[in-house]
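Pasting the structures here.
Shared between the two complexes below is subunit A, which pairs with subunit B and subunit C, respectively.
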Partner chain A sequence: MLTAEVRHGPLRAVPAPAKIVVVIALGLLCAVSSSRVLLGGVVGLGAVALVAARPVWRRLGGLAGWWAVALVVTAGMQLVTRDAAAATGSVLRMAALCLPALAVMASTTPEELLDVVLGATRPLRRAGLATHTLALTVALTIRFVPELVDQAQTLRDAQRARGLRPAVLPVTVPLLLRCLDRSRTLSEAIVARSFFDRSEHP
Partner chain B sequence: MNEVVKARAVAEVALFAALIVALGTVPSLYAFGLAVPLTAQTLGVMLAGAVLGPKRGSAAVAVVLVLVMASLPVLSGGRGGVAVVVGPTGGFLLGWLPAALVVGLVARRALCLPTRYRVPGLVVACLAGGVVVDYALGVPWWAVVTHQDLALTAGQAVAFLPGDLVKAVLAGMAAAAVHRQLGQRSHDHAGHALRGDGVQDVAGGEVLTEPVGFSGAVEVGRAGDQQVPAGGERDQAGDLDR
Partner chain C sequence: MTLPRFELDDVCVRHDGCTVLRVDHLVLDERRIAVVGANGSGKSTLLRLLDGLVAPETGSVRLGALDTVRDGRQVRQQVGFCFQDPADQIVMPVVADDIAFGLKNRGVPLAGRDAQVAAVLDRFGIGHLAQRTAATLSGGEKQLVALAAVLVCGPATVLFDEPTGTLDLARSLRFAELLADLDVQAVVATHDLDLLDGFDRVLVLDHGRVVADDAPGPALTAYRDLAVWAARC
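Coming up: the complex of A and B.
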């Protein structure tokens, strides 16, 4: 799940934390400003960055398509309810938010981004947040997604085999109960490996 | 906090975070047998709050948001990344966190109600968190990002209401069914108290006062340990469920 193709380009060499900080700063700037010059500038910068990132469109295709639909719908709503100027402003703002973020996604692997997010929580250790526990939880989540997807599919197949149409409750309730059962065995495994003893006294 | 309780918390949070992600990959769930497809991830958020409780439910959502920020395709339609968070739906996404918290808090009250009021109580919990709180964050965010009038945006958001109302009802019913099953299991096996009242591990002589979600304590201790609810209210919740 974490493997993703990222091509080498000028943006690839920029450290992931720096890219994230720039995207957040630009996002905040665009959220509070209504200057079209500024928004247009950020759109241009984002477009150049996205091209420079040499994106694998297969990876970004769905997201870029979703953004395109959101842009068209928003522009249409603004044209109907307000005027062309408002529609242009909305489209510029959304593009200014989306293009730099897409450029970061195209030039950074999920592992690097996960390191940034988990690294950002490290100062919270002083406030009592167990960052090693957070890292374990994230790792376990990634590990169990395919298993739960398989289980949901198995439950739906079982319904079909009985001639039933797939419905929400008959799939969700057993899935929840399996989750709770699995969490019991998983917690026993965590305790058996003395995870908390080792993480608190490395 | 006891090591066993901590491990149980980590496992439950991880599994429910994985469940929220997994529900996003199931495209064809149909409500009440009708041909109305539902995006089931909001359902997962409501379920996390209603089954795990406020702290663990919102922790599970926080883990999902960490994965979203790391650009993993964990949202429905294979979406993920900062681009989604800063987009029009970013407010609804970040709103999942307080939504799960509120669902858990209200559900905790709902589980103290007599049996026949539990399903409506849990549905109200899911509505309060999954609809009221989530929309309270999502709609203004949407208006700011698209630079639209707030009233107009709220009008557009009404289109999502029917689906979310159905999800809240389903989540309430599913959570009630899960709590009922857990109550029956604990009655059959060890007699643990529901609602996280804490259990007493007789063999170890140790009292676990930390609530283990709402499932209270589905077999918290080591296999073979005899456990009774703290306060000597054995099987009370299990009996209420019948």
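Coming up: the complex of A and C.
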């Protein structure tokens, strides 16, 4: 979801730091409160915000599936160990935590999220931490995870084509070697694109 | 228009004890320069020298009055690099963010950045890719995004390392058209000899040495002779 397309909608115009502060505040509120009215209100607000974020619904499909499974399992466990009221409360709390977060993810680009991370960690620079490098590391992780998954699949296919049974180690070793090779070129590209030439990163 | 002038003097690059490139004296100041040669002949190393990504063991590489190693920062303000696999140089997850990456590193304010990104996307006809993730792009789309990300910074020179190596014929032809239209100096390392139509100069490398340096006609004849000789050995 973090790397999904971000469409223009009412929530897109809201600054990313404001959205993230609101989500954290709502999350804390829902975590400590057991008021059904409050949880229901946040669920409603989250649902409206998600629609307003205009997400690419088909991309939400997989995530929504896992979320639904988690909801059903949680509700089932609460029904077995406690009662229907507890199950309803748990379902409401989970929905209240997830829906606003999904709305923010759907209306905020990874670049904006990284800028928020950079802004929030600015005080750590005084302690000597290279926060812009940390942010770049996060961006690179988001950027290359899908490609690593593709490469692992290609390696599995190649090994099947040569009559090998799929196994973890024969895929992991060449994948690691490819990653090392790519990291060398990637580091050159980052230098060539002047990342380390700036004296001050925003 | 005065073109950038690269000057290499007594340059030697070694890797694991082996000499991978040796240049006594070389001046590059033409608009279109190609570098051809067998795999491992030193083409990529030569390009990396010009951008200061590789430091020579001896000698110097200069862009005008700038030393590419000592003044790497200023050199990279003027020189863009397109890597062989465009996926290697797309750093940010989303296309528009990646094109803005170089501008951000150069301190361009947000408003100016957005306008320049929109302009370059429009120039290459890839505005529809702006919010796509890099992982979902085809090889040709990645090539265009990588080139747009380099050109948006307004370099005076662009170095291309085997730019058509991963492209199909149609995309290669499209790239050749784009290259012909670029109003900057281009140094292109390639195996694709069809790309060299209209080039001013071709360097032929063999085992880390410049063995021919001429206009495309005679230089490519020398390269073909070299390849035929190598195939017989």
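Throughout what follows, the second predicted complex is superposed on the first by the 141 of 202 C-alpha atoms of A that agree within 3 Å, B and C clash if a C-alpha of one lies under 4 Å from a C-alpha of the other, contacts with A are read in each partner's own complex, and residues count from 1 in each chain.
Going forward, a contact is a pair of C-beta atoms (placed from the backbone, for glycine too) under 8 Å apart; a residue touches a chain by one contact, two chains touch by 3 or more.
Given the structure is predicted, the values throughout are model-derived calculations rather than measurements.
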item: Larger contact residue set on subunit A - subunit B or subunit C; value: B
item: Touching partner for A:Val48 - first (subunit B), second (subunit C), both, neither; value: neither
item: Partner chain in contact with A:Leu124 - subunit B first, subunit C second, else both or neither; value: neither
item: Touched partner set for A:Val173, first subunit B, second subunit C, both or neither; value: first
item: Partner chain in contact with A:Val104 - subunit B first, subunit C second, else both or neither; value: first
item: Overlapping contact positions on subunit A, where the subunit C interface meets the subunit B interface; value: 2, 4, 110, 136, 140, 142-143, 147, 182, 186, 188, 190-191, 195, 197
item: Subunit B to subunit A touching residues, read off their complex; value: 3-4, 6-8, 10-19, 21-23, 25-26, 28-33, 38, 40, 43, 47, 51, 59, 63-64, 66-67, 69-72, 74, 77-84, 86-88, 144-149, 152, 156, 170, 173-174, 177-178, 181-182, 215, 218-219
item: Subunit A residues within the subunit B interface of the complex; value: 1-2, 4, 20, 23-24, 27, 31, 34, 62-63, 66-67, 70, 74, 77-78, 81, 86, 89-90, 93-94, 97-98, 101-102, 104-105, 108, 110, 113-114, 116-118, 133-134, 136-138, 140-145, 147-149, 152, 156, 165-169, 171-173, 175-177, 179-180, 182-184, 186-188, 190-191, 195-197
item: Subunit C to subunit A touching residues, read off their complex; value: 48, 51, 53, 72-73, 76-77, 80-81, 83, 85, 87-94, 96-97, 100-102, 104-107, 131-135, 149, 153
item: In the complex, subunit A residues that touch subunit C; value: 2-7, 109-111, 136, 139-140, 142-143, 146-147, 150, 182, 185-186, 188-195, 197-198, 202
